[in-house]
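Working notes, structure below.
Think of it as A, B, C and D in the order they're written, each chain with its own count starting at 1.
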Amino acid sequence: MSYSYPLLSYIVFMPLLGLLVILFLNKEKHSTIRWVSVFFSFVTMILTLILLKDYNWTTHEMQFVEMHQWIPALNAQYFMGVDGISVPMLLLTSLLSLIAIVISFNITKRVKEYFVFFLLLECGMLGVFVSLDFLLFYFFWEVMLVPMYFLIGVWGGARREYAAIKFFLYTLFGSIFMLVAILVLYFASEPHTLNMLEMTKLGPSFSHGIQVFTFAFFFIAFAIKVPVWPFHTWLPDAHVEAPTAISIILAAVLLKMGTYGMLRISWPMLPEGIRYFSVPIVILGVIAIIYGALVSMAQKDLKKLVAYSSVSHMGYCMVALGAYTSVKALAGCMFQMISHGLITGAMFLLVGVLYDRAHTREIAAFGGIGKKLPVYTALMVMFSMASLGLPGMSGFISEFMIFIGAFPSYPILVGISILGVVLTAAYILRMVQRVFLGEFDTAKWGGLTEINAREVLAVAPLGLLTLFIGIYPKPLNELMRATLENIVMLMAR
Amino acid sequence: MLNNTFIIPLLPLFAFIVIVFFTRWKEKLSAGISISMTAIGWVLSIITMIQVVTHQGEHAVRIEQAFDIINFTGFRLELGTLLDPLTAVMLIVVTTVALMVQIYSLGYMHGDPRFSRYYAYLSLFTFSMLGLVVANNFFEIFIFWELVGLTSYLLIGFWFEKKSASDAGKKAFITTKVGDLGFLLGLLIMGMTLGTFNYGEVFGLVEAGAISGGLLTLMAIGIFCGAVGKSAQFPLHVWLPDAMEGPTPVSALIHAATMVAAGVFLVARCMTIFIASPEAAMTVAWIGLITAFMAASIALVQNDIKRVLAYSTLSQLGYMIMALGLAGFTAGTFHLMTHAFFKALLFLGAGSVIHAVHTNNIQEMGGLSSKMKTTAMTFIIASLSISGIFPLSGFWSKDEIIASAHNHPFFMVIALLVAFMTAFYMFRLCFLTFFGAPRDQEKYDHAHESPKSMTMPLVFLAVLSVCAGWVGIPWLKHGFSSVVYHGHPHHVEANILLMIISSLVAVSGIALAYLMYYKKSISAEAMGRRFQPIYKLLYNKYYIDEIYDAVIIQPIYWTARSLWRFDAGIIDGLVNLHATVTIWLSKVKYWIDVYIVDGIVNGLGLVTGAASSVLRLIQSGRLAHYLLVILFGLIVIGFLASSNLLNWAFLEVGIH
Amino acid sequence: MELMHYLTLSAILFSIGFFGILTRRNAIAILMSLELMFNAVNINLVAFNRFINPGEYVGQIFAIFVVVVAAAEATVGLAIIILIYRNWRSIDADRVNLLKW
Amino acid sequence: MIEQIVFYLFAFVIVASALAVVTMRNIFHCALFLILCLFTVAGIYVLLSAEFLAVVQVLLYVGAVAILMIFAIMLTSKLAGREIQMSNEQTFIGTFLSLIMVFGLVVSFSRTIFRLSDEVPPSESTLAIGRLLMTDYVLPFEMISVLLLAALIGAIVLARREGN
C-alpha cells in the first residue's frame, strides 16, 4: 500500500532540513536558532499527526511504503513503512523531541551546535522507527549515536566525558552484535536479502542453530539499549550527566528502540529463538524490576533515582516480551513503552526544572518544597503517582496488561514481579516525602521560583496524554491491535 | 435515576476539576462548589434509593452499563456502572457522610492556608469512593480502590510540614499497597481462569464451577487481601491509627465511615466467591475476629482520643468482616451502614473537642460537657449506639452480627467479649472527656462550643445514629434485609434471648467504665499496675510496628543499600574493568608500536627526510617556475605521443 | 574558410597567453594572459562546432559556459589580488612565494 | 573571398594585440589591448556564424571582465604611469617554449583527420541555443549559475575589509 507522496521521508528528513537551515544562521542569534528548531520539530510532529490521520487502523500490513533501490550490489533498499507498532513510536518521538527542544531553551553554551546535533538525533530516531531494510535500520541506529555522544559529552554535567564515552562504546559494542546477526541472516537467506519483511517470511525456515544464534546476538544489541539487567550500568551515568532534554530523549525514545527492535526484528523473525530464550528473558525482566526498584531506593541523587526507576520499569517490558504468546502482554509492553516514555520523560523534565533553580539534585538537600512551589509539586507528585502505577494513569494500564498477559505463562515469576509495585511505591513516596513534604527551610530555599509557563507548557501534553491513555486506552489499543495480533501469529509459526 | 447512576460520581469530579483549575484562589467559592456538588449527589442518591426500594419485580434491581477501554480478541477491559441494592445503600452512606463532613469542615478548617486544596481533595475522594461503589467489574473497582488510597495519602499528609503526618501518609499508602498486591494477584488468577472481570460473569462462572479447589481459594484470599489492606485488618492494620495525623473530618470520612469500609463492601460484593470457597470464608471470619479482639483490647488503654476511635473502628470493621466470613451478608452491610453514621459522628465530635482544647490527649481534658453541650450530647448518643444500647441503631446491627455467629460458639463468645470491651472503652472516653473535674485548667478555660457549621452535622448524624438502624428492626416486614440480601431474601428471626444478653454485656461495660472513671471507686492506675505486662503490651499495640520495622522495613533498606553497592561496585565495576583492561592492552600495544613497528617506520622516515632536504631546493615557491616546468613537461609528453613512443589510447580519439 | 585556419589562430593565441603567464610579474597581467588562453579555447570550440557538427550547438554552449567560468574566475582572482595587495602592498607575483617549503 | 580577407585581418589584429598584452610595460595599456583583442575574437565568432556567442563575448568579456581588470589596476598600482618591473628573467626560455608549443599544436592539428561536415549552419542559432540551455543543458546551466553566485560571494568575502 503506498501513498500519494513520500510522507515518511518527509517526516524523517524534516529535522535534517531544519539542521541545514540552522547551519546557515549566525551562531550568535540564539533565539532565531531556537525558534527555527522548534518550527521544524513542530512541522515534523504535524506530519506525524497527518500520518496518524491517514493510517488505516484495521490492518497489520505496512503502510505509507516507500521502496527504492539503494545499493543494488547488496540488494539493499531504501525501504520504509509503518504499522501499528511504529506509528505510536513515531508520535512519541516527534512529540518528545519537540518538548525536549522547548525545554532546551536554557542552553546557552554553543547553541547552534547543540540544536544541530539535536535535529540530527531526531532524524536518526525517526529513521529507526520507519526503516524496513536492515542496512537502513542499522544506518539510522548508528546515526543516532554520534550526536548523542556529543550532546552528552559537551553539554553534560561534571562527569560528562566518562558518561558519553561509556554510552557510546557500550552501545557500539551492542551494535556490532547486531551487525553480525544481520550478516548471518543475510548470507543464510536465499536469495540474499536485507528486506525485513522478506526476512520475516523466511525466518522460520532457518535452522534452529541459526535462529538461536542470531536471536542471542540481536538480543544483546537490543538489551543494551533497553537496558536489560545486567547491561544497564551505562544508563544511570548517561542519564545523570546528560542535559535535561537529552535525559528526556534517552529515557523516552532511545530506550524504546531496544524493545521496538525486539518486537520488529528478533521476535517475529526468529520464533525458534524466542521459544528457546523466553524463560531467561522473563527472569532477567523480573530481576530488573525488583533490583531496579531496590537500587532506586538507595539513591541520593534525584536524577539517578529516576534513572534506576527506568531500569525497573523497562523490566516490565521484558517480562511482557517473554510472554510472547499473549497479545495482552505484548500490548502491555507497547503501552509500557509509551507510558514510560511519557512519564519518565516528564520526570526528567521536572527534575531538570528543579535543578535549574536549585543547582543540586541531592534528595537530602531538599524538604518541604511543596510549600514554596505548589504547582511544581503538584506536577511532580502527579507524575510520581503515574510512575508507581496509579490507576487512571497510563502506567497502570500497561502494568496491568503485562501482568494479566504474562501471568498464565509464568505465574510464579509474575507473582514475584508484582512485589516490584510495592517497592516502586516505597521509593517514590520516600522521594516525594523527603523532597516535597516536611519542614520548609526558608533561609536555604526561599529564593526558589515557581515553574514557569514555558516549562508547564512543555510538560502539559505529557500529563494530558498520561491521563488520557490511563483513562481511555482504547484508541491506542485499536491502533496497535491488528499488528500485535499478527506478531503473535507470526511467532506461533 | 436508575439509568443514570454514573452522574453521581462525576459530580464531585467536576468539583475537583473546577477547584483545581479555576477557583482555587477563592476559598469560599471552592468550598461552595464542593459542597453543592456533593449535596446534589446526596439528593440523587436518595432518589435512587427510593426507586430501588419501590422497585416492583421478582428480583432486586440490577442495572448495568459499560463501555470498552481495551479490546483484544477474547479479552476486554471495561468501565461501567452497576446499580443494585448494595450499591444504593453505599451511595447513601457515602454521600451522606461526605456531605456532613464537608459542611463540618467549613468550621474546622477555617483559616487554613490550603483551604481550597482541602476541598479539592475531599471532592476527589468522594468521586473515587462513589466510583468504587458503582463499579461493575473488578478491574474498575481496582482502579478506584487505588484512587481512594491516593486521596487518603494526600489527606493524611495534608499538613505535610509535620514529619509524622507525611510519614503516616506514606505508611498508609504502602501498607494498603501490600494488600492490593494480593488483590491484584486475585485478579490475575481471575483473568487467567475466567477471562473476564465483570461481576455478573465472574459470579456466574464461579457458581457454575468454572474454577474450583486451590485456585478458587487462592483467588478469594487474594481479593480478601485487598480488603485486609484497605479495611486495616490484622496484619495490615498498622496504618490506620497513624492515619489519625490527618485533619479530623478526614478521619471521620475516610478512616471511619467510607474508605475503610470499602474492604467490607468488596467482601460483600464477592459473597458468591466466598460462599463457593468455605476455606476462604473461614479465613475471612478468623481475620475479622482477631482484628476485632486485638483492636478492642488496644483501645482500652490508649490516651489519644482519635487513636481510641481508630482502634474502635478497626474493631468494628473486624466485626463486619467476621460477619461476612460467616455468611452474614445482610448483617455485615447493615452494620457497615450504621457504623458509618455513628463512627463519623464520634470522629466529628472528637474533632469538635480537639478544636476547642487543642489537644488529643484525653488525660488533659475533663468536664467539657458543661462547656460543649451539643458536642457532648451527640457524642454520648453515638457512644451508646456503638455500645449497642436499645433502641439505637448500633443495637440492631450489632445484634445481627452476633446472631450471624450462632453456629460458631467460640466466635459468639469472643464477639460478646468485644462488645463488652467496646462499651467500656467508649465510656472511658466519654467520662474522661466530658465529665469529672477538668485536669488541665488552662485548656478548659479556653474551651468553647464549636460554630454552627460544625454542630449542625453533629446533630444530623446523631439523628441518623439513633434512627438509621430502625430500617433493620427484625419485626419490620419490608426492612433492610428484604432489600439488601444475597441469594434469596431471608427474614431475620428476632432472637430475644441474644438481644437481652448483648444488652446486658453492653450495660456492664458502661457500668465498669462508670465505676472506674466517674465514680473512681475502682482505681484505673491500680489496675494498670496490677496487670503491668498486659498493660504495657496493649499500650504498645502488641509491638507490631516494631516487629514490622525490624523484620521487613530495615531488611529492605539494607538490601537496597547493598544492591546499590553491588551495582556500582560489581556490575559497573565489570564494565569499567573491561575498559581498564582494554586501555592497558592498548598501552602494551602502544609500546610495541613505538619501539618496534615505529622504529622501522621511523628509519624509513629518516631516510626520506634526508633525501627531501636536498630535493626541496627545487621548490622555489614561485608560480612562474612551476608553470615553466609544467609547460616543459607538457611539450615533452606531446612529442613523445606524436612520435608514437607512447601509445596512449586517449590521444587517438578523433583519429580515423 | 578552412578549419585549419581557425585552429592555427587559436594555437597562436593560446601560446601567447601561456607566454604571458610565464613571463609576467604583475598578477593582473597574468590574469589577462589567462583570459587570452580562454579565448583561444573558445575559438577552438566554436570552430569545431561550425565545421564538424553545425546543427548541434554543443561547442557554442560550452563556449558560453567557459565564458561564464572565466568571468567567475576573473572575479575571484581579482579579489584575491586585491587581498594580496592589501597584505603585501604589492602585486608582484614573484614575491608571493608562500608555496616555498 | 571577402570572408578570407576579413579573417586574416581579424587574425592579425588578435595576434598583434595579444602580443601587446603580454609585452607592453604599462599595465593600463595592456588592458586596453586586451579589450581590443577580445572585441576581435567576437568578430571571429561572427565569422563562425555564432552570433549569440559574439554578443555574449562583447557583453561579458569586454563589458564586464575587462572593466573589472581596469578597476583592479586602478586599485592596486599607483597608476599615473609609475612603472613597475613587468617581466621576469624567463622571457627567453618562455619565448622558446611557446614557439615550440605553437609548432607542436599546429603539427598535431594538421596531422589529425577531422570528420568535417558540409552542412550549412542554421541561420537562427540564438533560439536553438536558448532552448538547449533550458532543456538538455539545464543542469550544467544551473550549476554555472550557482558557481557564479559562489564566485560573487567569494569575491565579496575576500575583498571585504575586516572590521567595518
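The rule is simple: contacts are C-beta pairs under 8 Å (C-beta built on N, C-alpha and C of every residue); 3 or more make two chains touch, one makes a residue touch a chain.
From a predicted model like this one, the values you see are computed outputs, not experimental measurements.
Student: Which chain has its Cα centroid closest to the overall Cα centroid?
Tutor: A
Student: Please compute the C-alpha centroid of subunit C, do the same for subunit D, then give the distance between them in whole Å.
Tutor: Spacing between the chain centres: roughly 6 Å.
Student: Quick one: report the Å distance separating subunit A from subunit D, using the average Cα coordinate of each chain.
Tutor: Roughly 63 Å separates the two chain centres.
Student: Taking the mean of the CA coordinates per chain, how far is subunit B from subunit D in Å?
Tutor: 92
Student: Determine the centre-to-centre distance between subunit A and subunit B, using the mean Cα coordinates as centres, and give it in whole Å.
Tutor: Spacing between the chain centres: roughly 31 Å.
Student: By residue number and range, which residues of subunit C touch two or more other chains?
Tutor: 18, 22-23, 25, 94
Student: Could you list which residues of subunit B touch at least two other chains?
Tutor: Residues 624, 628, 631 of subunit B each touch two or more of the other chains.
Student: All pairs of touching chains?
Tutor: A-B, B-C, B-D, C-D
Student: Provide the residue numbers of subunit D that touch subunit C in the complex, in ascending order.
Tutor: Residues of subunit D touching subunit C: 3-4, 7, 11, 14-15, 18-19, 21-22, 27, 30-31, 34, 37-38, 41, 44-45, 47-50, 52-53, 56-57, 60-61, 64-65, 68-69, 71-73, 75-77, 84-88, 90-91, 93-95, 97-99, 101-102, 105-106, 109-110, 114-117, 119-122, 125, 128-129, 132-133, 137, 140, 144, 147-148, 150-152, 154-156, 158-159.
Student: Could you list, by residue number, the parts of subunit A that touch subunit B in their complex?
Tutor: 166, 169-170, 230, 232-234, 291, 294-299, 327-328, 331, 368, 370-371, 374, 385, 390-392, 396-397, 400-401, 403-404, 407-408, 411, 414-415, 418-419, 421-423, 425-427, 429-430, 433, 436-440, 471-474, 477-478, 481, 484-485
Student: Can you tell me which positions in subunit B touch subunit A when the two form their complex?
Tutor: 68-73, 75, 77, 117, 139, 142-147, 150, 153, 157, 160-161, 163, 166-167, 169-170, 173-174, 177-178, 180-181, 184-185, 187-189, 191-192, 556-557, 559-561, 563-564, 567, 571-572, 575, 579
Student: Please give the residue numbers of subunit B that touch subunit D in the complex, ascending.
Tutor: 624-625, 628, 631-632, 634-635, 638-639, 642, 654-656
Student: Which residues of subunit C touch subunit B in the complex?
Tutor: Result: residues 18, 21-23, 25, 30, 93-94, 96-101 of subunit C touch subunit B.
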